[in-house]
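Labels run A, B, C and D following the written order; every chain starts at residue 1.
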Amino acid sequence: MSQKILDRLLEKFPDAVLSTSNFRGDEVAIVKRERALDVLRFLKDDAECLLDMARTVTAIDWLGRDGDRFEMVYQLYSITRKHGVRIKVPVPEDDPTIDTCTTLWPGMNWAEREAWDMYGIKFRGHPDLRRMFMYEEFVGHPLRKDYPKEKRQPLIRREGMV
Amino acid sequence: MQLAAYIPVWVTIVLSIGFAGLLMLAAMFLGPKRDTAEKLSPFECGMDPIGSPRARFSVKFYQVAILFLVFDVEIAFMYPWAVNYRELSWTAAGTPSAFGFGVMAAFVAFLGVALAYVWRKKAIGWD
Amino acid sequence: MGLEFTTTKMADAIAWARKFSLFTYPFVTACCGMEYMSTAGPKYDVARFGAEFPRFSPRQADLLFIVGTITEKMGPVLSRIYQQMAEPKWVVAFGVCACTGGFYQNYNTMPGADQVVPVDVYIPGCPPRPEQVLDGLIMLQERIQKHEGHSQVRYREEQALANKQEALAQIRLPAAGK
Amino acid sequence: MQEPSKPPVPVLPGVPAQRTVVLGQRGAQDLDSDGLPTEPMKINMGPSHPAMHGTVRMVITVDGERIRDADIQLGYMHRCFEKESEYATYTQIFPYTDRLNYVSPLCNNVGFALAVEKALDITRKIPERAQYIRMIVSELSRITDHLTCLGASSMELGAFTIFLWMLKAREWLFTDLEEVTGARLTHSYVRVGGVVADLPTGWIEKVRDRLTRVEAVIDECDQTISGLRIFRDRMENVGPFTREQAIAWGWTGPALRSAGVDYDVRKDAPYLFYDRMEFDVPVGDRGDCYDRFMVRMIEMRQSIKIVRQCFDQMKPGDVIVDDGRIALPPKNEVYNSIEGMINHFKIIMDGIRVPPGETYSYSEGGNGELGFFIVADGSGRPYKLHCRAPCFYVLQTAGAQIKNALISDIVPVFGMANYIAGECER
């Protein structure tokens, strides 16, 4: 039902949209990183789409895949129009930064801080980009595929405890 | 001057001060003193204390505390009055008299004026 | 007999009084908190054991109830609160996360609260049923009565050490006098 | 009056550049200023605090009782749900989803099961009875969620009796759910393709009568506390939020409905058989703590209505999809036939094979829209599983809600945000 969002996207940003797909009823559009903020702003303000609620922002770590390692995922929804779309933005490993979307949806402030904490993707223009969950002394970004699951960095231990 | 009438009052005072004092002294001498630096640091929900507890705080706290004190003492005076209310409202000749009620009504009225003044000056609320 | 008889009887009497009036500091973090509510609630009422009165300041508590998962970030907090409690103090690990970290074996979950504080009674279960918690509490009360709590043992060792040093000091004095 | 020449007032290091007065040097502006100058004080409402539900650290800058700024820090209960689920098969993730929002665990189970079924594209093949059972247990779980939230918040505001009454009702539901699922709190009752076991016989009549008693307890609490002058003064227009603010900040569930937006996933994107159910969605207008309290109070009654309708419409049948690659075969088949044993072994050892692809599925959890974003790579373990936690976004605005409020307003705001550590910090 939100196929028309993808059509509008293709007609408005033919160069920015790399590909669109429809898997199990979820409309997905992969957008270039440079034009990502313009596409998101268009999706939010355009009378036709009006995606006023961003559900969640997260990242995927495609370690070992050729091409860009990270991929930002924006899950958007419109409460008035009752339709939604998923925007994915590939982010290269050597320069893991992207524009923040808190200017459009302030609700994604903490979600982006969590993506920074867990995946190490910097958000340009984020009001206060600090670690969301881990403590400052923690080194590394735990949800990356190359971070071992049980590698603890303990802050305090009783004497005699490893 | 029948000083004897006040003996129960002295007894209660001595008992209360004695009991409280005894307990505190016992705790001070018998209780184990095992102070470590960590234990003496102020409790801040488990985090390192921020700033010093000696910082200056707003005068409004003092204002609210004093006002509470005034009306608390007012209530404290009502207790002995309420206990003797039956005797106060009968004259020796057995005819009902409004003395008991009148005394407390006047007392409350005075403090009512104080309450009205404080209420209008908005000293009770916080902002 | 003399002093020892009275002190042991006195210590037992005090231990009996302490075990039935435990003031708990509920260090509640996770799902076990829901079961802690049920334990303190009307049906499984923990007040029957005298341990119902939660004190939210370590100064006034003598039983630290570690309820739920302890993460690495929470470690320093737990250790500081344990040290700010007055002796004698006891620690109960409520739930398998507090005992061994449960099925969270990862970078931010501490494998058990005893990595940071000495625990007296471990209550397994995820979350443990209120009956299990009451059983754990009874076990703790037996330990208190037998003076086997960690802080009680440490206190006795320190007393013994102090007495020994004192005895040593007396022996050396006459030699200096001659 | 000639202005006496006085030395410039030194600004204390570390204290923000606010008008600072050194005692004894009263400048002209101090005499006629309305209030006496005060200095902000930083207070640590740390992780181990009853109002902070045990795991939130908040550093508040306080001017007397008025809060100037609040910085909320999480992470004290981050249990790495997403990292753990990358190392567990789909069936093994159900116990982890129980412990996300551990106040309404079955809503999480159902939400996750729907997400995996959407990825497998078998949503239509789930037997009817299993879908009805899922609706019943998730609505009962939603009632326990609201009972705990309202009870705990009332206790934090001083109404301890409401806490005990609501806990009494919650105990009844715990025992009923325990009969079905085997556990009081961490049920892990739902499976991909259906539920583990059918309802015990006679359970429906027992729960029907139980619901009438729960409803009586809810009415009793409603009459006692909702109209109470003190309670309303503490709750009304504390942390009000407008429609636009609520949508922009990603609010969902009771919080968003209290701000005036009637968005309920069970109505907007009906899953299971919610479209056959007839229930209404309460909506507030000011978005403050009192509206959130009343929305949850009314929602409990709607959930009871839904459960009753499910009981009426439910018919006997099997409770899990009979597809060897997804559901475990019945035990006698496992021991007596080769196919059964192979199926059983394949599913247990390397999990349910979900075809590669990404799906986002959402359902109405206790606190709002609970979403699961699954990236499957064809193996039995998800490549990535992200959980959209509804109270994560409501708590984000707690700092804004209590700005310029009194310290005592922190308690209702945190109570009504229904901050659940497991779900918020995953």
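In this text, a residue touches a chain if its C-beta (ideal position, glycine included) is under 8 Å from a C-beta of that chain, and two chains touch if they have at least 3 such contacts.
If you're wondering where the values come from, they're calculated on a predicted model, not measured in any experiment.
In this structure, the chain pairs C-D and A-C differ in their number of contacting C-beta pairs, and the larger number is found at C-D.
Per-chain Cα centroids separate chain C from chain D by 33 Å.
If you average the CA atoms of chain A and of chain B, the two centres end up 60 Å from each other.
With centres taken as mean Cα positions, chain C sits 46 Å from chain A. Each chain gets a centre from the mean of its Cα atoms; for chain B and chain C, those two points are 37 Å apart. Touching of two or more other chains is recorded for residues 73, 76-78, 81, 106-108 of chain C.
Touching of two or more other chains is recorded for residues 46-49, 75, 78, 80, 83-84 of chain D. With touch defined as above, residues shared between interfaces to two or more other chains in chain A number as follows: 133-135, 142, 149. Across the assembly, chains come into contact as A-C, A-D, B-C, B-D, C-D. Against chain D, in their complex, chain A makes its touches with residues 23-26, 28, 52-56, 58, 60-61, 73, 75, 79, 82, 86, 105-111, 118, 131-135, 142-143, 149.
Across the interface of their complex, chain B is touched by residues 57-59, 76-78, 80-81, 83-87, 155 of chain C. Within the complex formed with chain C, the residues of chain A that make contact are 133-135, 142, 147-158, 161.
Across the complex, chain A is touched by residues 74-75, 78, 80, 82-84, 86-87, 118-119, 121, 247-251, 261, 263, 268-269, 357-360, 362, 369, 371, 373, 375, 383-384, 386, 388, 392-393, 396, 425 of chain D. Those residues of chain B lying in contact with chain D across their complex are 44-47, 49-51, 55-61, 126-127.
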